Amino acid sequence: MIPRYSRPQMTSIWAPETRFRIWFEIEAHALDAMAELGIVPREAAEKVWEKGAFEVERIDEIEAEVKHDVIAFLTNVAEHVGPEARFLHQGMTSSDVLDTCLAVQLARASDLLIEDLDRLLEVLKRRAEEHKLTPTIGRSHGIHAEPVTFGLKLAFAYAEFDRCRARLVAAREEIATCAISGAVGTFANIDPRVEAYVADKMGLSIEPISTQVIPRDRHAMFFATLGVIASSIERLATEIRHLQRTEVLEAEEYFSPGQKGSSAMPHKRNPVLTENLTGLARMVRGYVTPALENVALWHERDISHSSVERYIGPDATVTLDFALARLTGVIDKLVVYPERMQKNLDRMGGLVHSQRVLLALTQAGASREDSYRLVQRNAMKVWESDGALSLLELLKADPEVSALLTPEQIEERFDLGYHLKHVDTIFARVFG
Amino acid sequence: MIPRYSRPQMTSIWAPETRFRIWFEIEAHALDAMAELGIVPREAAEKVWEKGAFEVERIDEIEAEVKHDVIAFLTNVAEHVGPEARFLHQGMTSSDVLDTCLAVQLARASDLLIEDLDRLLEVLKRRAEEHKLTPTIGRSHGIHAEPVTFGLKLAFAYAEFDRCRARLVAAREEIATCAISGAVGTFANIDPRVEAYVADKMGLSIEPISTQVIPRDRHAMFFATLGVIASSIERLATEIRHLQRTEVLEAEEYFSPGQKGSSAMPHKRNPVLTENLTGLARMVRGYVTPALENVALWHERDISHSSVERYIGPDATVTLDFALARLTGVIDKLVVYPERMQKNLDRMGGLVHSQRVLLALTQAGASREDSYRLVQRNAMKVWESDGALSLLELLKADPEVSALLTPEQIEERFDLGYHLKHVDTIFARVFG
Amino acid sequence: MIPRYSRPQMTSIWAPETRFRIWFEIEAHALDAMAELGIVPREAAEKVWEKGAFEVERIDEIEAEVKHDVIAFLTNVAEHVGPEARFLHQGMTSSDVLDTCLAVQLARASDLLIEDLDRLLEVLKRRAEEHKLTPTIGRSHGIHAEPVTFGLKLAFAYAEFDRCRARLVAAREEIATCAISGAVGTFANIDPRVEAYVADKMGLSIEPISTQVIPRDRHAMFFATLGVIASSIERLATEIRHLQRTEVLEAEEYFSPGQKGSSAMPHKRNPVLTENLTGLARMVRGYVTPALENVALWHERDISHSSVERYIGPDATVTLDFALARLTGVIDKLVVYPERMQKNLDRMGGLVHSQRVLLALTQAGASREDSYRLVQRNAMKVWESDGALSLLELLKADPEVSALLTPEQIEERFDLGYHLKHVDTIFARVFG
Amino acid sequence: MIPRYSRPQMTSIWAPETRFRIWFEIEAHALDAMAELGIVPREAAEKVWEKGAFEVERIDEIEAEVKHDVIAFLTNVAEHVGPEARFLHQGMTSSDVLDTCLAVQLARASDLLIEDLDRLLEVLKRRAEEHKLTPTIGRSHGIHAEPVTFGLKLAFAYAEFDRCRARLVAAREEIATCAISGAVGTFANIDPRVEAYVADKMGLSIEPISTQVIPRDRHAMFFATLGVIASSIERLATEIRHLQRTEVLEAEEYFSPGQKGSSAMPHKRNPVLTENLTGLARMVRGYVTPALENVALWHERDISHSSVERYIGPDATVTLDFALARLTGVIDKLVVYPERMQKNLDRMGGLVHSQRVLLALTQAGASREDSYRLVQRNAMKVWESDGALSLLELLKADPEVSALLTPEQIEERFDLGYHLKHVDTIFARVFG
């Protein structure tokens, strides 16, 4: 976790305090279940809830000695609870606590990420509606193609992050399971009903079959999903970086009034936030492969996955949370320049409409070859003028063209509306 | 595609013949839709279905000249259809055909992979039932822990691949969309109803919003899912590799009677199939990152994703199909050695039961310290004998122990059944 | 291997014919060495060279039966050589042949790649010299910064690929080793001098210590190096994609006279080659992780690496060879537009020089605050005019400015030469 | 950075205090160079060295306001130095300081890692010499093959890490460069001699050509090299994990006398350190791809690499440092069980020698077919007895065999020394 790329709500999920609190709840709920089953005295369970407490520093102190985190934790809790603490953890194995705790942490992290996506979607929708009919040039290969609207660009992003949300909901379900099944998952020393009880209390489903651990294909799927979401962030960030480049400048990340990119050059406003998002996406993607490599644990478990998860559990969720929030801020305040969009649209002097003129000439009786020649000779002039000349004006002034089409007929072909007639349809599909 | 790691049904999906056939269907259905909308003559559409044909070599020939695959294809089709062919592809862009075709190919590949998983699940279930109560040692960290059954190991794999199946069904849905929306996705020159019609005919859903292309986060999710499945294959393959090692030898890949691992050493039967699966898993995982990097296309599209998909489209699906089939074969014919499992279980001379004896001694009135000392001193002898001595016999012969527990009481603690009492519960959870 | 991304010289290295030929040479040289050591009759060795031959189809035929490629090969060779063939392969293990053959193949592939880099470097140098003083705007964050030259851009790429060349030479050395050390690397049945002899004949160094196999950290380093080179290809490809975008258009991939991007829009020339290179780079990078995962073979060897290498051996080298050649072609024929570069440079109306004017005003006696105010108020006008106004003209017309600086003094600050004075120094560093 | 996987010397390289100290030195040396060139007063440079200081908290405070780390730093330094501080940083750009600082940090990190490798090599050599002739079974595919020595296993690891050391030295050279070349690398406002001076003082070489930044292919190569080293760590860690498994138990990670794996099961000593190393290797490998993706910066630079390096700069070096030290500790104290190695060697009842007996029978006049039959029928008995019977004894008792070979002749073929005769040769190759 890099402090500057972290937000407190997410980091707090990964704080030792939180982890131990979850451990405590798992152990205490398990005790309740055992009490209900008559395995331990009900008073013991009550005492644990009543007196149970822990101190992070004290646990660290004990762990330094016993070299076992769960035992250190239980010892510390026992210092508060007294002799009734001996009923805690009976028939359980450390992984029952650790893996169920990780499930809770990842589920909570997912909840925050889903909220992040909701906020992003809300902002994307608002800005998409705002620019629903703001014309701008569509580009393939970085080359001008045909007109779209800026709202369509944002609607496209909305649909993409809406898919990401659905994926995240599915990924959350993958990892939100509880396993309390003992040393090798056989429930040899613990009743399966304890697992069911704790699962219910912790908001998890039961793990149908565990070994000592919850199977890691679940976590692999979870982190792979985060990698996909990060890649979508990169896509939108890259779009904005492109739009802000000096020669395009159709949109800009918001600069606060006082903020300066450079002391003397007013144009020097850099898309640093979206560049940063590009880098953060690389990191979240980088965590996917270690998560995939974690799946093939040996036999009933080895502990190679543990160190990996100590890194990527926090790093992937904290970074993605920060990135989503940053992207939301960028879109929320994005400075959009419709005039510049229009100017760029017009930059090619109306060449984007040449195809429609070609068709009109054919329909007016010219051969396909003649039509092509007429359009082409005017288009080339526009092209060579770097957009200084206007295709529309040249066509109107071309006697062979005007012999076939009236000025009005030509102008009609330069109608942006032609390209935008289905924007409503598309918006209805995306926003329902 | 490596021929030795390929199966014909999957490779045929990626054959040029298949691809062009799908193109043809997309174009012909689109024409039907346009005829229905009154945009083109119905006879043209009928003629296309009737006379439409193509030859792969001819298309290659034309492409060498015009350097455009879709145009080459259309030209070749026109040679068969005649002038009515001019109505084909109207208002469409090449990507409409290419991306929709890829969707069909990936959907078909998914169907094969789902069938593969079904067969694997069937075999896993059968073998799990067969060995439901075959006791074997559970291992954590590669070290003996407590007893499980071989059926539980297979049931665990079943549950894992059942999750993989659900993920694959979801991934299939992700990529099974049809986009026929024109040069920049605005439907400027094509009616959205054409897209809906073709989608329906090709068994796809419509892409709510496309640019020129179907968004690549869909494909990223698809290939990431294949990477997770590959990792699960690696897990089970690794388990078998472990079980077959000389010192363990609890199971072996099937060797045909004539087959020889080595001319003189009868023990030299190598788990080459599961080793091979480990390598194949690395490849399928290796395709995940390029797919993730494909998401951030520039503006309305660039073509950087195309070369990546020419590799990983076939390579990932063909390799995974082969790997699933190979794994199914391995499990189907796996030679299981229950006696050896028992022997390994007993190898530690009954040490796996020491904990239960400890508890019995405590319950019989010994202090925890004394109980520990009594068990420990016998356990150490067993350990030092490398399993030649039996903990049970030593305990029965230990006067301090026999003062507290009868031989029957001691034997009771060496009961494997204690560990297996919940196997039914777990099987019910997994197999329903 | 995708035919369209393959070149014959590189693919022929991976052809079965080539592989078997290398096997033959390894076996025959080993026999020579044994003859020299008096282990086998010299006539046998001579007979093998004289009569030795093989047919790919026949080997496949035999392999289908015996399921072992090296045995199939030896059987086929024996059909040609006669009884003397029994001396072949004595004391050797299959991996001795397979791994040494792979070393030869990778070394040859490296040689081709080094030649590719040499050609690329040559072209980069030529074009760099050509545009050594062609001014163009330098950009950070995609935003105009200060002037550079187009030659500097190419010199930067030259230096990068020169480093790549050095890395590749080192990587070649890593994998060019010969191991003929028997079943577990102990030379139990083969004299180490045989290994030394074959190594020398095949142009390899000896592997100081092998198990059954040549250690895979060597191959990991090799493929990682290819991944770095691919990333440098992506960098330069991305630069060109940026330069070709409609709004920038400072350079374009060469279009043959007849070639058309689009029927009616003359501007529609897409940077498809460099986009393609971006995708190919993703693939070559994608092969790095499987190669890294191949390192941790079990004990003296397992065979999980083999399937991975069947893919990435050819795929990585063939793809990179193609990519380097394509990039060389792109740079060789790159259409450069110096006028457009100048136009873009001027686009900001001279704002790139504002810092130097600021300094001149200070030196002429104005306070830093006043200087800043004077520059800023004119710069803002230029900025708001989107480059239509000229900063130079505005400054000359500003009475407060002209009170401090003569028109000549102002003009002096707009001197591009100021920025280019160290181009010679840098070129000398890069090209020596 | 995860505290439990970090060592102070390496983390201190990445502490803010260290970073700012390096910044200070770069700036102060640059000032010295400018003074020497007569660009700034010598007294200013002296004053900076004399009075120059900074406080991390104060810099953070200023940065919170100005949102620029280098400016914040310079402001804080100026508070100590006074007006002479205005000469600092003249003609330089922030990246000059940041990238050169990163070079210093990575070079120092490399130095520590090289020391780590030296210590590991020393320990590997010592233990290899110790077990040079300790026989143990060599395994391919996890299946017993032929004898090797435990010393050979360690010598193999030595050679591997010796290669890693050479790679790291090369990687260090890659990133140890200094760039002080101004906003776009043209030295427009700074003399190239300043760069040369600072490079010399900071122990770096000059970057022949930079843009605003040091090219990132250098860093990609650096982190890729760390990924290879991590993979070699995984290989050796995996070997030890295998050797410690219950059924093999030829070696064990050291357990301190008081340490307990499990309360009642003395065999429960888990190879947790090497399992942990396996996970850490996954992480270091995971950082390779983000580093490769960092290469393709846009034009003269974008800042997407920066966030990636904030993570992987510390994470990769700190984790690898910790892993190397942990591995060194594991090897140093590894508990080796030569008797168990012998026992495993004998486990197959001498089957590893069957090939040599076969040869002896042939040489004694039996046909190859008969020889095979004789060996095979005895070998099968051994195999079926799971090593309880001895091949040697069976052969001696087989009348058909004893008709051809004397007991002494048979025994001779069971000589381990035969397999170990070249250990000296191999050790000489590895250790020189």
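Descriptive notes on the structure:
Note that the chains take the letters A, B, C and D in the order they are written out, and that residue 1 is the start of every chain.
By definition in this document, a contact is a pair of C-beta atoms (placed from the backbone, for glycine too) under 8 Å apart; a residue touches a chain by one contact, two chains touch by 3 or more.
Please read all numbers here as calculations on a predicted model, not as lab measurements.
The greater number of contacting C-beta pairs, out of the two interfaces A-C and B-C, is seen for A-C.
Superposing chain A on chain D by their CA atoms means rotating through 180 degrees, a value rounded to the nearest 5.
Chain B and chain C have Cα centroids lying 34 Å from one another.
Rounded to whole angstrom units, the spacing between the C-alpha centres of chain A and chain B is 26. Each chain gets a centre from the mean of its Cα atoms; for chain A and chain C, those two points are 33 Å apart. Under the contact definition stated at the top, the residues of chain C that touch 2 or more other chains are 139-142, 145, 241-242, 270, 272, 275, 278, 285, 289, 293, 298, 302-303.
By the touch criterion stated above, chain A contacts chain B in their complex at residues 138-142, 145-148, 152, 155-156, 159-160, 163-164, 167, 170, 174, 182-188, 192, 206, 208-209, 211-212, 215-218, 220-221, 224-225, 227-228, 230-232, 234-235, 237-239, 242, 281, 285, 288-289, 292-293, 295-303, 418-423, 425-426, 429-430.
Of all residues in chain D, those touching chain A in their complex are 2, 4-5, 67, 241, 259, 270, 272, 275-276, 278-280, 282-283, 285-287, 289-290, 293-294, 298, 302-308, 310-312, 315.
On the side of chain B, the complex with chain D involves touching residues 139-145, 241-242, 244-248, 261, 263-272, 275, 289, 293, 340, 343-344, 347-348, 351-352, 354-355, 358, 372, 375-376, 379-380, 383, 386.
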